[in-house]
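Chain lettering (A, B, C and D) follows the sequence in which the chains are written, and residue indices restart at 1 in each chain.
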Amino acid sequence: MLKPDRLCAFTDGVVAIAITLLVLGLEVPSVHKVPPQELQAYLIDSFHPFVGFISSFVLIGTYWLQHYAIFHFVTHANRVFVALNGLFLLCITFIPFPTGLLAAYRHDELATIFYACTNIACSLSLLSLWMYAAHRHRLIDSEVAPDVIRSITRRIAITPAISLAAIAMSFVNITAGRAIFLAIPIVYLSHRAADAGWMVANNSHIAPELSDPEENPRAPS
Amino acid sequence: MLKPDRLCAFTDGVVAIAITLLVLGLEVPSVHKVPPQELQAYLIDSFHPFVGFISSFVLIGTYWLQHYAIFHFVTHANRVFVALNGLFLLCITFIPFPTGLLAAYRHDELATIFYACTNIACSLSLLSLWMYAAHRHRLIDSEVAPDVIRSITRRIAITPAISLAAIAMSFVNITAGRAIFLAIPIVYLSHRAADAGWMVANNSHIAPELSDPEENPRAPS
Amino acid sequence: MLKPDRLCAFTDGVVAIAITLLVLGLEVPSVHKVPPQELQAYLIDSFHPFVGFISSFVLIGTYWLQHYAIFHFVTHANRVFVALNGLFLLCITFIPFPTGLLAAYRHDELATIFYACTNIACSLSLLSLWMYAAHRHRLIDSEVAPDVIRSITRRIAITPAISLAAIAMSFVNITAGRAIFLAIPIVYLSHRAADAGWMVANNSHIAPELSDPEENPRAPS
Amino acid sequence: MLKPDRLCAFTDGVVAIAITLLVLGLEVPSVHKVPPQELQAYLIDSFHPFVGFISSFVLIGTYWLQHYAIFHFVTHANRVFVALNGLFLLCITFIPFPTGLLAAYRHDELATIFYACTNIACSLSLLSLWMYAAHRHRLIDSEVAPDVIRSITRRIAITPAISLAAIAMSFVNITAGRAIFLAIPIVYLSHRAADAGWMVANNSHIAPELSDPEENPRAPS
């Protein structure tokens, strides 16, 4: 009860709802009127909201994994940490709005910039959450190695960098700019450190980056 | 914390929301306007969304039960497993969209095909999740019998088969094609192996299919 | 994992979402248009959805308490129990639809009948869930006293009775008919047996009805 | 199972959904029509709903923290407590409605009054929940010090006071009146007692206000 468990469960609830509400961006014609067009044309029109649904789903999922990695090391919480976690949740629940604008204003680079800024806000709030907790091992286990801390910091910091690249590219080509966002989950999951907290069955979470199941046969497989 | 518990709880949250959002497909007239028609006529018009609500509810429920059965055996997780689980969630949260189209385009077999494809995607993602975890007992208890693994694989694989049959039938008769989807939960629940993970009170989950409470009086009842 | 815990948590999630989605029945004017009327007139128009919001909120809350009381005694589950629980969830998630119709068709007794039938379905599914579990102590602790079983059965069975009375009254006076639904939570909470599962701090849940904290000073207070 | 855990988890679920549904107040133009205006003008028009989204998010978050603090001390529950908790949830789930009206009727002080009354209802229900539980240590640990009880009572009671000030100010200047609501989370989080339940890693939750991590180096940091 006194550990950050309830905060963690509440966060999971909010993120799970935000990720599921994205589907409401996929409009469905009313059954009480004649549909405005043939289904095939309707599905083609729904392509942009569909792409937005998938990309925001994957991005929120990535932020959740990063949040998971942070809470894997956090042992207790204080009111600053709770406030920073609330800021992260505010940014996450906001995502359906820029996602909807991305589809409605598909030819406007301002929509891409707005979407990128929301993602930058999400990752910066996550970064501040982590840096506040990890600074001098304030809220994390005192035995967590500096290597692990730097690795997590670096991997969260990739998101704002990719988002800035997406903004720059969107002035050249909007579609290319939007495609760049997909680098965020790919970069995150392609690194074996993403296994931190998943591959380890015991409490030996001091240096999960060092225990690669393929190289290290002693790790649980 | 290091076990797949938080992943499991997050999945439950997403599925619970997706299954509940289905009701938003049942439109309600605004109270700030005169209702467009008499209630009786309105309810008759709502019959198709109502059928879609029930069938998608039952299908998502079935996928949740299959997911439950998978996580019953999974002891740990890695990033590939997490990504496959995310793919499953993406498919599940998408379901309200084809469900809505099914009602709006009730005379169009393309709507049935689109709905069937979504269900095929759900079950294939579930199947890949299970096959990845069970392959050489990668992420499951090493004592789970091959019989049990094959049984679960087979029962998940029934869904794409039934969905393909629904597509084929929808070219003959749309209503009959749509009715076929209801075979998915019926087939799943009619087999006593669906009790796996429910009937057993201890950790003796090695071969749940062999312990039928009616045949085997030693199993807890 | 093998106990009904995950089923219980999933049910809680679905009920929590259904109870919160009720607020979507309270329409808000778009900020991108001039509001259709003065706020005061708008609030008066919102009175009927508001009453529907409150009454459905209270009814879903009561069903959740009854579900809580059932799961307090259930020790394990099987596929029939899971299917009956799913039927209960289907009825609960459906509630926002008749609630919306109740407000839109405020002068139509058919709306009241439809609303009452939904509540009858909710309570009958709950009743079948309980009777299936309690029959010959199939899924409940073998030491639960017959008195306790009968008490819970009786208290769940009050809901359909009250709903039928509401239908009958709505032919005389619609407002009076709708007011009768509020008897459901009042009757439920007015009986001290509603404390079952709350007042007891230990595992002595055999006969909670007998331990009244005001009469019995030995019970934990 | 017999402790207030399930009630607590259910409450968290409802609050998490209510806080996330706020984003639905941010309207998105349909992709199946030409957008009504340029994106820049659309974003400017969305400013008022955006402010309402943030302020209601922060207020619900603050109520959740206060609820967390209450349940930190509550050891068991009874039906009155459950009913008061339900009243709190009713008020919380209602918040998206006055939030939407605040944006739609941005020049109407009645909208501010309605919003303030909702916040007063939220905090009074929370206050009655706490006072019922704490009265003669009815439902809380008998060792909780009177100082701690009074401190929590006082900090919950600040919200109605601030809301009344917001109503008074809104007759002078609507924007200033609305800005006053932000004092609620600031006042709550600025006091170090907000750390109660977070900073303590053991069961020594008798007088959390006395253990300030900066003054008291023995407290976990």
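One rule holds in what follows: a contact is a pair of C-beta atoms (placed from the backbone, for glycine too) under 8 Å apart; a residue touches a chain by one contact, two chains touch by 3 or more.
Treat the numbers as computed from the prediction; the structure is a model and nothing was measured.
Enquirer: What chains touch chain A and also chain B?
Expert: none
Enquirer: Please give the intersection of the contact partners of chain A with those of chain C.
Expert: Under the touch definition, chain A and chain C have B, D as mutual neighbours.
Enquirer: In terms of CA centroid distance, which chain is the most far removed from chain D?
Expert: The chain lying farthest from chain D is B.
Enquirer: Return the distance between the CA-based centres of chain B and chain D, expressed in whole Å.
Expert: Whole-Å distance between the two chain centres: 36.
Enquirer: So what's the Cα centroid distance for chain B and chain C, whole Å?
Expert: Distance between chain centres: 26 Å.
Enquirer: What are the residues of chain C that contact at least two other chains?
Expert: Chain C, residues with two or more chain partners: 9, 13, 17, 21, 24, 42, 46.
Enquirer: Spell out the residues on chain C that touch chain B in their complex, using ranges where they run on.
Expert: 1-4, 6, 9-10, 13-14, 17-18, 21, 24-25, 27, 36, 42, 45-46, 48-49, 75-79, 81-83, 86, 89-90, 93-94, 96-97, 100-101, 103-106, 108, 110-111, 114, 138
Enquirer: Would you pull the chain B residues touching chain C in the complex into a rising list?
Expert: Where chain B meets chain C, its residues are 8-9, 12-13, 15-17, 19-24, 26, 28-32, 35, 39-40, 42-43, 46, 53-54, 57-58, 61, 64-65, 68, 72, 189, 192, 194-195, 197-203, 205, 213, 220-221.
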